[in-house]
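The same chain A turns up in both complexes below, where it pairs with chain B and then with chain C.
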Partner chain A sequence: MAVSVAPGRAVEAAPPRRVRWSGETAWGVAFVTPYVVLFAALVVWPVAYGFWLGASPSAFATLFADPIYLESAWNTVVFLALGVNLKLFLALLLSGYLAQSRPWIRWLSVLFLLPWAVPSIPTIFSFRWMLNSEWGMLNGLLWELFGIEGPWWLVDPQLAFGSVIFVHVWKYLPFWTLILLAGRMAIPTDLYEAATIDGASPLQKFLFVTWPQLKNLYVTSTLLSTIWSLGDFNSVYLLTGGGPAEKTHVLATLGIRYAFNLHQIDVGVACVMTALPFLVPLVVILIRRLGGRVQ
Partner chain B sequence: MKRWVRSLLAATCLVGMAGAAIAADLQIWWNKSYYPEEDQQFDKIVKDFQAKTGKTVEYVMFTNEDVPRKVLAALTAGQPPDLSYAFLFDVQHTARWAFEDVLEDVSDVVETIRPHLLPSAIEAITLLNGKTGQKGVYAMPVAQQVEHIHVWKDMLDQAGLKLQDVPRTWNEYWDWWCKTAQPAVRKATGNRNIFGVGQPMSSSASDTFFAFMMFLNAFDTKVVDPATGKLTVDDPKVREGMIKALASYTQPFKDRCVPPGAVNWSDADNNVNFLNRITIMVPNPSLSIPASQYNNPDRSVYMEKMVTLEWPDKPDGRPIEYTTSIKTAVIFKNSKNKALAKEFMKFFLQPDNLGPYLEGSLARWFPVDKRLIERPYWKDQSDPHRVVQVRQYTQRPQVPFPHVHNHRLILVNAENAWGKAVTRVVLDNWTPDKAVDELIARMKELVG
Partner chain C sequence: MATSSLPRAPLIKSATTYAVRRGLFEAGQILLGLVILVWVLLPIYHMVMLSLTPINEAFGGRFWPDNPTLENFHTVFTQNHFFLERFWLQLANSVVVALATMALVLVVATLASFAIGRLKMPGGHVISNLALLTYLIPMAFLAIPFYRIMAQYGILNTRTALVLAMSTFAIPYAIWVLRQYSENVPFELDEAAKVDGASPWQILWLVYVPLLRPALIAIGTYALLLAWNEYLYAFLLLSTANQHTIPLTMGYFLVTDDSPWPLLMATAIIYALPPAALYYAVRRYMVTGLTAGATKA
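On to the complex of A and B.
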C-alpha cells in the first residue's frame, strides 16, 4: 500500500499506543473469553473440520455413483416421513389418555417412560433377538400358539426396514408423549369447563380447545424430532446394522460405513453433509418459530 | 489482573508438564482376544519388556472391528499409535497403507526372524510402496489363519449318522449336510430349527469372503494373476469359475439348510449359532469355536462332541488349497516412537514370547515362524482339533489371499463385494451369472 506524506512535514514515529481497558471492560472480556473459546473449540472447529474433511468434489462423485447411497437417501426420507409422523401422532393420542386424572395413570406413565429411559443398546438388542427368524421369541410364539412359521423379520429387507421404524417409534414415543402431555397440562381448565357448559362433545373439545392450544407445540416437536431422527444412528445400527445387504441404511449409518468400514472418511462426511440442504432450513424454521414465540 | 494472568499461565504449564510426565514411552493399540489367556500373555510380554528396557509401555485393547476404526480415525487426525496389531489389518488395510506410504519400513525388525519365517508370511509382508515404486517390508507377521470346518458329532450320533459317511468330494459333501444330515438331525431331535450348514451369507462379515475364497479355490479360480498382479476376471474361464463358486456357495441357503438370519451375521454370529447348536456344521476361519470350549468343565464337549474337519476335495477329487491370511502388526510413518516400537516388536517376535502368546490363543492362530511350530504345544497328538489344524497348515497346499498380489483388492474385501454377490443371489433372487457380472464390474471399478 502506498503511503503519501505531506511535503515539508517531518514524519515522526508515533509512540505505540497502549490500549487501556477500563476495569469493567477487562472483566467483561474475562467473562466472555471462556464462552468464545468453548464455542470455537466445540462448535466452530468441529463443524469447520467436518466441512474440510468432506470438501473434496471427488468424494461427492464417489457417493452419487454408489447405488447404495441413493437407496439410503430414500430410506432416510421414508424413515423420517413415517417414523416422525407416526411417533408424534401416537404421542398426541397417548398424551390425551395419560392426561386423565385417575390415580393409576401416574404409575402407568412411569412404566410407559421406561423404553425412553433405558439405554438403547440393551433394549434394541433385545428387539434384535426377539425378531430373529430362527430362534426369536416372536416367531417362537407364532409357532407355539398358532403353528405358523413367522416371517423373516430381519432377513426380508422391507420387513427389516419396517422393524427399524417400529423400534424408533417405540424408543422415542414416550419422550414426545411427555412433551405433549406437558403441553396439555398447560391448557387452562376453564376453557374445557366453558366448552362443557356450551355442550361441546369430546371431539369438539379436542378440535376447538386442545388442538388450537397444542398446535404450535406439535409442529415445533415435529420439526425438532425430524432434526434429531435424521441423526438417529442407534435404531438402525443396533437392529439391522444396515443389513441385509446394506438395504436398511440411512444416511447416519451409511456415513459410518464409508468412514470406518470402507476407509473413506471424506465420503463418509460427504454422505452426512448431503443432509444439510434439508437440515439447515429445518433448523432455521425452528429457530424462527422459537424466536417468534419468545417475542 | 497481571497477577491473575500469570497464575493462570503457571497453572496451565503445570498441568501440561504433569500430562507429559504420565505419558508412556510407547503407545500400543492391540486387538483384544476372545480368550483371557492370550491377553494375559500379551500383558506379560509388555511387563517383561518394560523390566528389560526400563521404558514405559501403555497398551489399549480394542475388539476386532474397533482397532482398524480407531487407527483410521487417529491416522486422519495425524496422531497414530506407535504400534498396532489387528486381526483384520491384513485383509482390509495393510497392503493399501503400504502403497499409500503410511507405514514405516520394518525390514530391520523382520530381518531378525526372516530365516525362520514361512514363505507365505514373507510374501504377505513384502508390499509395494506406491510413492517409491519399490517393494519393501512394511508389516510384521504374527500369526496365520485358514478356514476350518467344525461339526457337532454328538448330533450326528443322535441321528444315527457317522462322520465316516461324509463324502469327500465337493458337491456330494455339501449335499450330504443339506439332504442327509439336516433332515436326520431334525427328526432325531424334534427340533425344526436346526440347520445343516452355518455358512456366513452377509455382506458385513469378513467370514463370508474367507469362506468364499475356499469356494473359488474349489473351482480353480484365481481372480488375479500372481505374476503381474492384474485382474483375470475378463478371462471366460475365470468368470465361469466364479459363477460355479457362487452357485455352489449359495445353494445350501436356497435349499433352506442355512439359517435365514445368516444374511445378517457379523463375524461372531456363525460361532454363536453353532455353539447354540442351531447349525450342525460350520466353516470358520480360525479355531476360535473349539477354543471357546477348551475350558468348558464338561471336557467331552471339546474332546468328543465337537470335531474339526478338513475341507472336502475339489469337485474333480483333487485336494483343495487353503487360502491363508497372515496377521500383521504395523508401525506408522507418523508414529512418534518408531525406534522403541521396533525394539518392542523384535522382543515380541522372539520364540519365547510369541510362542506362549499364540498358545495362549488356544490355537486360534497358527505360527508363521517355523521354530514355533516345533514347540511341544503343536506336536500334542491328544488334542483332536489341533491335530487336524497342524495337518491343514503343514501338509495341505496353501495360497495367499488375492490382495497379496494387488493391494487394491483390499478395497473389494473392505466393501465385501464378495458378500454382496452372495446376497444378490439369496435375497434378490439374481442368477449367479448376473451377480458375478456385477461383482466383476465392481472389482474393475475398485481395482482398475
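On to the complex of A and C.
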C-alpha cells in the first residue's frame, strides 16, 4: 500500500509547472466580465436596494403588530421542521429500497422521478382540485368506497397546511432520493462484503456502514433543503393561496402579499428579512461545506 | 447468504424458515413498490382523467369520467375559450423565454467557469464563492426588490426581464456544476494545447467545451426547465396577456370559482409533456450533473 501511495504524493508535492500566455489574465478578465456585470446589476443592486427598502423601523412595527405575520412565521417553522425532515428521512429510506439492482425496481425508480420531472404548476393544480372537498376525486372515492364524508381538505386551516406540506414532500422527494441514492452508490462495496463476512444484520449494516458514510451528505442535504424550502412559494401559493383566511401563509408568500396585494413594499421586504437571522448562519455553514471542495 | 452462518443441525427447519422469511420479504418489497407507484401516479392520473372529462361533468368527484372525450384538447388547440384566447402566443412566449435563458446561462457560465478554473484569474476564488452565495438565496426572497429594479431598468413587462431573472438564479448553479465537473478534466490537456500554440479561446472551444458536454447538457436542461416552470417571477414581471407565459395562462383560471378545470388540466398536460420528455431524454446527464460533487459533501 505504502509503496503505491508514494509516487502519487510525490507528484502532488511538486507544484505543476504552468505555461502562461502573456495575456492570460486579460483573457480571464474578458471571459468573466459578462458574469460580473450580470451579478452586479441583478444580484448586488437588488440585494442592496432590498436592504434599503426594508430599513424602515415603521415597516417592522407594522409587521410585528400583525397577527397574520406571527402566524405565518410559526407556519414557516412548522413547514421547515416537518417538510424538510419528513422529506429527507423518507428519501434516506427509499434510496435504500431503490438501490437494489432488480430490473423492476430500476423501472420503478425511473417512474419515481415523475413528480420531479413534471413541472410543479400542473401537479399542484391537480392536487388542488383532487382535494376539493365537494367535487374532488379524493372525497368522491372516500364516499363511494367507504361511505365516509371526506374532510374539508383545503377549507380547514390545519388540514390545508398539512396538504401544503404533503404536496411539498411529494414534489421534492424524488430529487433528494436521487442525491442520497448517488451517495449510497459511492460507498465502496467491500465495506458491505466485510460486514457480511462478520455476520452483520441488515440493520447493523445500515448503522455501521451506510450511515457513517452517508451522514455528511445527509446533513448537507438537510441544510440545503431547508434554504430552498424557505423559498418554496409555489407549494403554498398555488395550492391554498395562503387561505383560508390567510392562515396558511409562509414568509415567502406573505412577503409577496404585503408588497403586491396590499401595496406595502417596505413591509413585504421587512417580512422576508425577518428570516435573515436564521438564513445567514445556514448560508455560512453551507458555503464552507460546499465551497471547500472547489479550490 | 445469511443462512450460511447458521448452525448446521436444524437444516430443514431453517430452510423452511428461510423460505417463509424470503416470501414475506418479497411481499413487502412488492407492496412497497405498489405504494410508491400509487403515490407517484395518483395526481398525474387525476390530471389526465380530468382533462378527458367533459366540462359539465367535472363536478362529479369521479374516478373515471362517464363520457371521456378529447374535446378539451381541441378547445385548447383552437383557443376556443376566454382563458385560452392567446394560448399559442403564450406558448411561444414560454418557448422563447426558456430557450433564451438556456443560451444566456450556457454562454455566461461556460466563460466564467473557464476563466475561474482554467485561467488563473486573480480573485477567481471570490467570484466562485459569490456565485455559490447567490445559489443559496431563496428566489422568492429576492422577488420584491428584483421587481423594482426591473422597473428602474425600464424593462418591466418584457420577456427579457424574465429571462434575466431566471438567468440570475441559474448561472450560479451552472458555474458551480461546471467547476465541479471540470476538476476531472486534466490540466495536462490545456498545457499540451498551449505548448502547441493554442490561444485560450481555442482551448475553450476545442478542449473545455467538448469535454464538458455532459455537464453542459445537464445545466442547459436545468436552465431551460427553470425558466419554463417559473410562476412567481413571470407573474410579477409580465403584466399584459401578450407577454404572458403558460404558467400565467393557467394561473388566471383561478380568478373565478367556477373555472373549467378540465380545460385547465388539458392545458397543463400540453404544457407538462415537453419538459418531462426532455427530462427523461437527458436523464443520464441530469443525474451526473445534479449529483456532481454532491456525493463528496
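Everything that follows uses one rule, which is that the second predicted complex is superposed on the first by the 255 of 295 C-alpha atoms of A that agree within 3 Å, B and C clash if a C-alpha of one lies under 4 Å from a C-alpha of the other, contacts with A are read in each partner's own complex, and residues count from 1 in each chain.
By our rule, contacts are C-beta pairs under 8 Å (C-beta built on N, C-alpha and C of every residue); 3 or more make two chains touch, one makes a residue touch a chain.
The model shown is predicted, which means the values in this text are computed figures rather than measured ones.
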| query | Thinking of the overlay built on chain A, is A:Phe39 touched by chain B (first), by chain C (second), by both, or by neither? | reply | second
| said: A:Val155 in the overlay: touching chain B, chain C, both, or neither? Say first, second, both or neither. | reply: first
| said: By the touch definition at the top of the document, which applies to A:Trp135: first (chain B), second (chain C), both, or neither? | reply: both
| request: Would you check which partner chain A:Ile265 touches, where first means chain B only, second means chain C only, and both and neither mean what they say? | output: both
| query | Of the two partner chains, chain B (first) and chain C (second), which one does A:Thr220 touch, if any: first, second, both, or neither? | reply | second
| message | Going by the contact rule set out at the top, does A:Ser58 touch chain B (first), chain C (second), both, or neither? | response | neither
| task | Have a look at where A:Gln204 lands relative to chain B and chain C in the superposition and call it first, second, both or neither. | result | neither
| query | Where does A:Gly243 make contact in the superposed view: on chain B (first), on chain C (second), on both, or on neither? | reply | first
| Which of chain B and chain C A:Leu114 touches, first, second, both or neither | second
| request: On the superposed three-chain arrangement, identify whether chain B or chain C touches more chain A residues. | output: C
| message | Show me the chain A residues, by the header's touch rule, that chain B contacts in one structure and chain C contacts in the other. | response | 53, 132, 134-135, 241, 259-260, 265
| message | Show me the residue ranges of chain C that touch chain A in the complex, using the header's touch definition. | response | 1, 5, 29, 32-33, 36-37, 39-44, 46-47, 49-50, 58-63, 107-109, 111-112, 114-116, 119-122, 124-125, 127-134, 136-149, 153, 164-165, 167-168, 171, 175-176, 179-180, 183, 187, 191, 194-195, 199-201, 204, 225, 228-229, 231-232, 236, 247, 250-251, 254, 261, 264-265, 268-269, 271-272, 275-276, 279-280, 283, 287, 290-291, 293-297
| field | Touch list for chain A against partner chain C, complex | value | 16, 18-19, 21, 24-25, 27-32, 34-36, 38-39, 41-43, 45-47, 49-50, 53, 94, 97, 104-105, 108, 110-123, 125-127, 129-130, 132, 134-141, 143-144, 170, 175, 178-179, 182-183, 185-186, 196, 199, 216-217, 220-221, 224, 227-228, 230-234, 237-238, 241, 252-253, 255-256, 259-260, 265, 268-269, 272, 275, 279, 282-283, 286-287, 289-291, 293-295
| said: Using the touch definition from the top, list the residues of chain A that touch chain B in their complex. | reply: 26, 53, 132-135, 152, 154-155, 157, 240-247, 259-263, 265
| remark: As the complex stands, chain B meets chain A at residues 1, 68-69, 72-73, 76, 92-93, 96, 193, 195, 202-204, 259-261, 263-264, 266, 276, 278, 411, 414-415, 420, 423-424, 427-428
